[in-house]
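In what comes next, chain A is part of two complexes: it sits with chain B in the first one and with chain C in the second one.
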Partner chain A sequence: MTSFLVRRILGALMILLIISAVTFYLFYAVPRDPARAFCGKICPPETLQLVRHNLGMDEPLFVQYWHWLVGIFAGRELVQFGDCPAPCLGYSFATQEPVFGAIVDRFPVTLSLTFGASIVILAFGIITGMIAAWKVGQPLDKIASASSVIGASLQIYFVGPLLAFYLVDTMQLIPRPSYVPVTEDPVGWFTHLLLPWVVLSIIFTANYTRMTRSQMVEQLAEDYVRTARAKGMSNRAVFFRFAWRGAMIPIVTIFGVDLATLLGGAIITEQTFTLHGIGELAVRAVQNNDLPMLLGVTIVGAAMIVILNIVVDVLYAFIDPRVRLT
Partner chain B sequence: MTFPPSTATDAAAEPADTADPAASGPAVVGRSPGQLMWRRFRRDRTGVGSAIVVLAFFLIALLAPVIASLYGKDPYTTYGQNQPGLLNQFGYPIAPNGGISGDFWFGLEPGLGRDVFTQLVYGIRTSLSIAVIVTVLTTVIGVVMGVTSGYLGGRTDYVIGRVIDTLLAFPSQLFLIVFLPVVEAALVLPEEETPVWLRYVSICVVLTVLGWATIARLLRAQVLSLRAREFVEAARVTGASPARVIFKELLPNLWTPIIIQATLALPLYVGAEAGLGFLGVGMTEPTPDWGRMFQVGVNVYHSDVTYLLFPGVSMLIFVVAFNLLGDSIRDAFDPRTKR
Partner chain C sequence: MTTVSWSGEPGTSRGPGPFLSVRDLSVEFSTEDGVVHAVDGLSFDLEKGTTLGIVGESGSGKSVTNLAILGLHDPAHTQIGGEIWLEDRELITADRATMEKLRGDRVAMIFQDPLTALSPFHTIGRQIGEVYRKHRGASKKEARDRAVEMLRRVGIPQPEVRVDHYPHEFSGGMRQRAMIAMALVCDPDLLIADEPTTALDVTVQAQILDLLKDLQQQFGTSIILITHDLGVVANTADDVLVMYAGRAAERGTVREVLREPRHPYTWGLLSSMPRLNSSVDVPLKPVRGTPPSLLNPPSGCPFHPRCDYPRLAGPELCFGQRPDVSPETGHGDACYLTLEQKRELRTTQASDQTEAQIDARTEDGA
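Presenting the complex of A and B:
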């Protein structure tokens, strides 16, 4: 277990290093010069040189990358912005705020969004999939299958505003989506995020319904299920104690893969309901051409995915006793 | 033997095909796997229906200028601002339901007052063409990389495999929006205004770069298992060149997964392109774009929800039809799979 974790974490760091190097190179090697933007419209060459020096952009690219890497672990001194304690991801070119601080401020929003949506997806997707498998071929199964086709074809930016219009504007059933810190008001946190959770999970839930159904149907045809039935086990026990466990294993695997997509969906959901999360930060950074912010958001996003994937692998071992983490 | 034995057994295991009234006579007509697939597809009513819907969307995209000229309006003119009595002082259509009337079939865009019908028709044209280009590119690159990786094995396989793994670990939506300005900055000087065609090209490039890994990984696995089969070994033993093995032995067996993957990918790319437009990093004004209509829709839905319905419902119809079509094609290719 320990050696598995150590190896996975080293591998994860390796992937993050590659991603950051590629991103860094792509961002800073392009001809668009951030120093020029800083300098203003009328920019004499001497001033440009000075700005470039202050931003640390007059050094070779790999030296810049090295400084950036060291900054994450040890902090660094930036001529333009002053001291930047570790973990330092630099300062935003657009708003002059520290990148790491901005990301930390926004992080709870995106985390709450993806966390809540994951629970809705798994709970709802697995339950409907089980019902469909329980009633294979019957009307309930057909309804579940048909609605999962439609659900998977919906778009967040269409369902989101539509539901908000009917549930919030017209019927006033739930409050307008916003972020209330869970530490301040758990009930408000829940009610204000309910709609974003539902909207984000709609497109994913369909997939899990379909998958749970087919996995259950497959498991129920297995030999061990037949043995259990032959020994006189009730249908219900076979269903919920035996087949269920076997069907969950592939679901967890797919969920690990889907986490990256879920984060992408969170970006669109944040934009739909104007929640101030990491996605909104990324979109604004793109519009402002804010390189340090883009780099920071990319790395934090990638780190989130990599860490969650390790967590999923560990969970895997708990569900399936055959899996040994070595 | 170019075709795998499984295809032959399929034909034999399909009594409905051989017991055709026309074939009940003494002459037994041989059919190619393609013909068999077509016969199975034609009998699938859902498949044919959704194929018609999908075709209609492609026709709308192709014939957008014809439709607009018959309809008599274009997607650029701000009718609502030019003609008084169409928009109120807040910029919203005066007529109910988003300003739907005999003149403006789908109403008017709040604010600018452009015609929603032509916006949608031209927007479908933009989005669908990008999705088709990206699907073709990712499929071609994915097939080349996957087959190379699987066929050569060894070090090539290792390198391509690691690239694929890294690409699939990326949070792709984040990278889509992040890399778009990078690609653009690499192609255009900061002083210049980005031309429309360049934005179009960079969207295609970014979607392709982040998209080919999925199909490559799938094909690599397929090639790995096919490579060990007897008919490939037989071809090699009899002295077939690698090119012959790949094009005459492997590829004919890969068409089914390739086409299935492509049909799965296309609606996803329509969604991804629209997502970029929605986030405000896709196609720029004034080029009509399916996704950017949602961006407008999200801003105006409190007062004018009708506007959002047209792009939303049309995209829902398209994606549902395309997914059903994909399912039917899959069933037609491989009748053993039962959903």
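Presenting the complex of A and C:
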């Protein structure tokens, strides 16, 4: 188990290294000059040169990358912005704020959004899928399957404004979505985020419904489930104690990936409800040619994915005793 | 609906009879292509403490019959007709709660492939123990002790350690022993073994069959042994039922059926089986053709497309009318040939075989 974790964490660090290097390179492959944008509209060549120097962009690419990398672990001194303590991801070209600080500020919004949406997704997705599998072929199954297809076909930027118009503006049932820190006002946090949670989960839930249904149907046809029935186990025991155990593995797998994606920023949902999370930060970084911010957001998103991948692998071993963590 | 009595409700009880009695059983599956007549008009009896071997090709309805006894067919796609009496209780019309109480307690089943038939997610001990807990209301501790005892009884070494292992940590033979332990944990009256040795290698096969025999002698369990291996039947069973296309082709004691087989299909089965005492050069004679489609069974005798003797028995009978097993008790078979004709055909067959053996030996000598 320990050696498994050590190896997986080393592997994860390698992946993050590669991702950051590729992102770094790609940014320069794009024919746009961040220094020119930084310099302003009227920009004499000597000023541009100075800006380049101050941003550290007059050095070879791999040296720049090396400085960036070292900054994460040791901090660095930037000509333009001054001291940047570790973990230093640099300063935003656009807003001049430290990248790490900006991400830390935005993270609670993304985390809240992800947390609430995950609960809605898992609860609705799995329960609906279970009902469909229990009543397979019957009207309830057909209703559940059909509504999951409809859910999967909807778009956040369509459902979001529509629901906001009815629930917030017309009926005034819930407040306009925004982020209220949970530490300040838990009830406000809940009510203000309820609509984004629901809207974000609509498209994801459908996946889990279909996955749960098909996995349960498949597991229920397994030999060991027949054995359980032959032992006199009740339908409920067969369903929850035997079949569910096997159906969980693929669900855990896709949930790990979805969770990581959400933590990397739910861009469309954040844009739709003007929530200032990681996703919004990423969009702005792209629009502003903001390399440090873009790299920071990319690395955080990638880190979420590799960490959750390890968590999922560890979970496998808990669900299925045949899986050995070696 | 909390108590289920075994005395039977009004209208479901009947006088004393065999321990298990299957009467005119039919099992039909509705599929997209039509209705499959997996079992069609099958009757047989099983006495207490004896072993019935059910033999037949794949798709002859052996397993389907036994899943019907346990009520394990999906009711949404299955039509079951006829009667199944376990002592004084009819099982086809029994409700779900009754069947749940019965399964694993009075009637238990072991399956062909113990790797897929055991849950990969639970320890052997838990899988054995939960049957005991369900039917005997035992505590976790009692169930575990019982599981250890059962593992010891079926000859698993170090049962106190093995009880906490998972099926994938057992070898094939050990897994089947664990499966048997699980089936016998509540001392069932009837054990259905569905090809229990097919997935095992030959040396382990013999051990498992011996184990079943020993347990039967100790506890007086009745056993239905489903197999396509006549050798297994010869060693283990008291009675034999040869099934073909969802029906009984022949039934009788082991001695009767294997020594004096009457149905041409049984002849085919016997001559397609290698024997230790015959020369290796005598070619095995498989039953020609393939088993019939049960979606669309042949008219008359279902075996007629593969049979060599319809001309002898009378084509209008063989092609036109389904034969019943006769006589009704004892050694009987479903074929229109007369007993004399069968005896004669057997004698010619046997002499053909002897000739083939002699031929083979002379070739050896040359």
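The rule is short, and it goes like this: the second predicted complex is superposed on the first by the 314 of 326 C-alpha atoms of A that agree within 3 Å, B and C clash if a C-alpha of one lies under 4 Å from a C-alpha of the other, contacts with A are read in each partner's own complex, and residues count from 1 in each chain.
The criterion applied here is as follows: a residue touches a chain if its C-beta (ideal position, glycine included) is under 8 Å from a C-beta of that chain, and two chains touch if they have at least 3 such contacts.
Just so you know, these numbers come straight off a predicted model, no measurement behind them.
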Simultaneous placement of chain C and chain B on chain A, clash or fit: fit
First (chain B), second (chain C), both or neither touched by A:137: second
Which superposed partner A:118 touches (first chain B, second chain C, both, neither): neither
Touched partner set for A:297, first chain B, second chain C, both or neither: first
Touching partner for A:271 - first (chain B), second (chain C), both, neither: first
Greater residue coverage of chain A in the superposed arrangement, chain B or chain C: B
Touching partner for A:260 - first (chain B), second (chain C), both, neither: first
Contacts of A:246 with chain B and chain C, given as first, second, both or neither: second
Which of chain B and chain C A:226 touches, first, second, both or neither: second
First, second, both or neither for A:282, with chain B first and chain C second: first
Which of chain B and chain C A:110 touches, first, second, both or neither: neither
Chain B versus chain C - smallest C-alpha distance in the overlay, whole Å: 7
Common ground on chain A, meaning residues reached by chain C in one complex and by chain B in the other: none
Complex contacts: residues of chain C adjacent to chain A: 70, 72, 76, 96, 100-105, 108-109, 111, 113, 116-121, 130-131, 134-135, 166, 168, 179, 182
Chain C-facing residues of chain A, complex: 137, 222-224, 226-235, 242, 245-246, 319-322
Complex interface listing, chain A residues touching chain B: 15, 18-19, 23, 26-27, 30-33, 36-37, 149-150, 152-155, 157-158, 160-162, 164-165, 169, 214, 257, 260-261, 263-265, 267-268, 271-272, 279, 282-283, 286-287, 289, 294, 297-298, 301-302, 304-306, 309
Chain B residues touching chain A - in the complex, by the definition given at the top: 166, 168-182, 185-186, 189-190, 267, 271, 274-275, 278-281, 291, 294-295, 297-298, 301-302, 305, 308-309, 311-312, 315-316, 319-320, 323-324, 339
